[in-house]
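Take a look at this one; I'll ask things after.
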Amino acid sequence: MLSTLIELQRLKRLDRTGWTLRGLPNGTESVAAHSFGVCVAAMLLADELLARGVTVDVEKVLRMALLHDWAEVRVGDMPRIAAGYFGAGARKQAETRAFADVVSGLKRDLYASLYDDYEQRTTFESRLVKAADILDLLVQTLALERAGARGLDEFWEVAENPRFQLGDVADKVVSEVFQSVLKARSELA
Amino acid sequence: MLSTLIELQRLKRLDRTGWTLRGLPNGTESVAAHSFGVCVAAMLLADELLARGVTVDVEKVLRMALLHDWAEVRVGDMPRIAAGYFGAGARKQAETRAFADVVSGLKRDLYASLYDDYEQRTTFESRLVKAADILDLLVQTLALERAGARGLDEFWEVAENPRFQLGDVADKVVSEVFQSVLKARSELA
Amino acid sequence: MLSTLIELQRLKRLDRTGWTLRGLPNGTESVAAHSFGVCVAAMLLADELLARGVTVDVEKVLRMALLHDWAEVRVGDMPRIAAGYFGAGARKQAETRAFADVVSGLKRDLYASLYDDYEQRTTFESRLVKAADILDLLVQTLALERAGARGLDEFWEVAENPRFQLGDVADKVVSEVFQSVLKARSELA
Amino acid sequence: MLSTLIELQRLKRLDRTGWTLRGLPNGTESVAAHSFGVCVAAMLLADELLARGVTVDVEKVLRMALLHDWAEVRVGDMPRIAAGYFGAGARKQAETRAFADVVSGLKRDLYASLYDDYEQRTTFESRLVKAADILDLLVQTLALERAGARGLDEFWEVAENPRFQLGDVADKVVSEVFQSVLKARSELA
Amino acid sequence: MLSTLIELQRLKRLDRTGWTLRGLPNGTESVAAHSFGVCVAAMLLADELLARGVTVDVEKVLRMALLHDWAEVRVGDMPRIAAGYFGAGARKQAETRAFADVVSGLKRDLYASLYDDYEQRTTFESRLVKAADILDLLVQTLALERAGARGLDEFWEVAENPRFQLGDVADKVVSEVFQSVLKARSELA
Amino acid sequence: MLSTLIELQRLKRLDRTGWTLRGLPNGTESVAAHSFGVCVAAMLLADELLARGVTVDVEKVLRMALLHDWAEVRVGDMPRIAAGYFGAGARKQAETRAFADVVSGLKRDLYASLYDDYEQRTTFESRLVKAADILDLLVQTLALERAGARGLDEFWEVAENPRFQLGDVADKVVSEVFQSVLKARSELA
């Protein structure tokens, strides 16, 4: 267990390249800090859904949010544009192999199946975590823009028409939250 | 929900003062990055316990690990020595009030009861999260020492006789992991 | 003397949390750098007052400006909002106790009485140092905004009606300086 | 030309992940700073070879050293271990495609042929630039270790038996420089 | 050769003071990263000139761009305003002496004559490198402003009437590039 | 007054180059943070001397410690080695001129005479501030070494035979403090 903990510790220092490549300072956001943000967003979304009568496996949601970026400790946080250069699926395959090695000292099957589920968006929970992943990105972008950052428009495109296929109730909840972020941003200008 | 997400976003930047006060660079570890580490350690510990037949509510463990430091967004990450200057319980009371305000726009009771449980160490799960909190501190300290940091001896004292009152099986598991960290450290010298 | 010097050295690295919690980079301003700024502002204000015939004990002013934040090396730089969570006076009491321990190896009474004077605003000099403390905050905020930072409006509220009870001449001098900072800021928009 | 300059500007901020993943602070070395170091090492090596009668096309050497990491602005600075997860040649192919896009607004063929030469190690000059690439890595590692960094042993393995197939004279020169770095390191312990 | 490489390594960490003195974070741009940018700009300009039939010694251009700031490792990156305090030529003399010491272990005459050429703007190539030096400054400033930085107006004054005395064709090329940077900036507002 | 405050604010961000040139991270110590340290050391030394019956003008000591590095906001924090390249006295002259411009909007004569006194070491107080300047450097170096930094031996040479010509009593006090720093360092190994 220790060697895995030591390796994952490294995500606390690894910069999300999206910010540094756009001129923001090193240390703007680590992969670990982002993963924390995704877990928080995922838990709050899940609890809101539970309150509205939607069935959610919160344990699965939190596990998946926590581990969805672990592969980056071996393949790095590639810029978005990088995916196009590796051919269809090649990046995902590499990340899947890297993830398998990261968890090789543990109950490998448990974590690997959660990771595959997330990558394939098989279950409701995996799609909810993806929504939380985007939500954390938007809230981070909003926070940076409030502090004076500019040139981050491209990150907002994803928020225009969020489609996570979560069913009527959950899609509506997610859509409401996204709209509130967009509204908060429009008040900045 | 958005105002809570925006506020908790701030934990991604807040430095853990333990490192900066000992001369390590700003940005060594944020509260958010530490919380990620505690979640990871808690999940791995919980899964190891499940494999050995111990009953663990993993959802509760992950929720608690995720939120255990949220109050710091309002009261800051106080140095350890600070507790002694606020009188018995005064710091905990302040953090409890701050936490309540952080979650005031949400299902307040759910989160408040998890937080109280953690602060009081009422349940098995809360004591397991405390063990994960210390474990992440030790692994972070080990990582810093491997990278050349010195002067961090005081952080290791807590590892000498870990007593988390988790029952025979779980105490043994935790003790084994702590011993492996201590062993890894002794190989540094 | 050495142990005190070593401990106070740590203020060179401790971030003022006001900036990092609002999304500015780690390392924006240390407590030591702020204390330097307060000393500078206090000396310039005092010399302006002397030139206008006001009696000022400059040595006392500089001593007080220099030591007014030393307690933070033990209790940290708490966010402003934190004060409300510790009950009336509890934070000040804790800081007073922490300060006493910081200077325990020195001529404790001399420094403790200067600190108490500052905390109680007993003398003219202590109120002048408080004005310098706010002035440095405003000049720092202006500098950050000129460099592109946004979202710092709340720091300007304190400048609207500065009341330091320094007597007619000194209040006028302080008011003039504050007005010039506000004017410089209004030219940014 | 401007859009290329703007894009390559981003390499000034992109961290070399080798350092941050081993616990060194963000900002330890950017890809641009490394490229500067490779250019310097390449020029000094080339001039030493010229002095010993070896024919070197210094213009080609400097061009190649300057552009050898430009693809990273699109695919990031992947950790070394990442290569294994992308299958034989897949990473190189992706980088080659990314490089082609970076220079698409320029005299594409000139730069693309220099890049291919470097990737294939076709010419003497490309192998000399590779030696300079490794030499800069070792000198940077030595500088970090002199400043207190630890845990960087794996970077030294590459220096043990440098084989760049530069011919007798040039191999001897490179070997001498590598030996002097190793000697400087051994004096640290 | 090694001692020179070790010394020049230090330029990777030395901040360009122009940014930090205007309130931008430490680590915004190192002297090494700037030198990389000047080399890139110089190569692209030279290749554009070659394509238009202008004779350029590209090897000389790249050598000069690479070494034009090496003296700063001994005298620091002085703020622009500093030159006025050292008397006519005194700063240049000091830098020339410092440069001579930096390269004293190498083929000193080769590098010294390139440095003198650059300082005196004797040749076409030296004036082209000066144009590249300014171009990199403008592109960096543009990148920072796009990311939200403000208060950098003074850096743009130099772009108004670029006069590098490169002859009709080259002056036109440089002027076109400068105009395109100014246009990109005007689109920011 | 405001323009001076704004200009001196910049010292909060200006790195002391001694650390960054030796491979320590940007942000290790700003000129403002160092000035704070010198003020603290100067006050503690002065109070110790007063307690032993030595006459000290503490106001003058604090004023001088506070302003002794203000010229660096215009000429930068030059590396030590730089002095040799500017000819005898040329650096001091430049700094004196720069200082005069920094305070030109204030009671110029007061500050200029304090600065000249410090540069010339005319009075007892100026020599005491010089001792405090060195003391802060040593304590900072000790703190960095305790945190793991290496390669800072040259900074300790100055501590071997401190000669500040402060008279028997004061020289003895300073010598005792320096010995205690050296002793603390020797315990590190």
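Letters A, B, C, D, E and F name the chains as they come in the text, with residue numbers starting at 1 for each one.
Simple rule for what comes next: a contact is a pair of C-beta atoms (placed from the backbone, for glycine too) under 8 Å apart; a residue touches a chain by one contact, two chains touch by 3 or more.
In this text the structure is predicted, and so the values were computed from the model without any measurement.
*Asks:* From chain A, what is the lowest number of touch steps before chain C is reached?
*Replies:* Each step joins two touching chains, and the minimum needed here is 1.
*Asks:* Provide the labels of all chains in contact with chain A and in contact with chain F.
*Replies:* B, C, D, E
*Asks:* From chain F, which chain is the farthest off, judged by mean CA positions?
*Replies:* So the chain farthest away from chain F turns out to be A.
*Asks:* For chain A versus chain E, what separation do you get between their C-alpha means, in angstrom?
*Replies:* Computed value for the inter-centroid distance: 41 Å.
*Asks:* Once you find the CA centre of chain B and the CA centre of chain C, what distance in Å lies between them?
*Replies:* 33
*Asks:* Can you tell me which residues of chain E touch two or more of the remaining chains?
*Replies:* Residue numbers touching two or more other chains: 10, 22-23, 25-27, 143, 148, 150.
*Asks:* Examine which chains touch each other and state the graph shape they make (line, ring, star, complete, other).
*Replies:* Other.
*Asks:* Check the chains against each other and report every pair that touches.
*Replies:* Here the touching pairs of chains are A-B, A-C, A-D, A-E, B-C, B-D, B-F, C-E, C-F, D-E, D-F, E-F.
*Asks:* Which of the residues in chain A end up touching chain B in this complex?
*Replies:* 1-2, 4-6, 8-12, 26-27, 29-30, 32-37, 39-41, 43-45, 47-48, 51, 58-59, 62-63, 66, 106-107, 110, 135-136, 139-140, 142-143, 177, 180-181, 184
*Asks:* Show me the residue ranges of chain F that touch chain D in the complex, using the header's touch definition.
*Replies:* It comes out as residues 22-26, 148-151.
*Asks:* For the complex, give me every residue of chain B touching chain D.
*Replies:* Per the touch definition, chain B meets chain D at residues 25, 27-28, 143-148, 150.
*Asks:* Once bound in the complex, which stretches of chain F touch chain E?
*Replies:* 10, 13-15, 17, 20-23, 25-27, 73-79, 81-82, 85-87, 90, 93-95, 97-98
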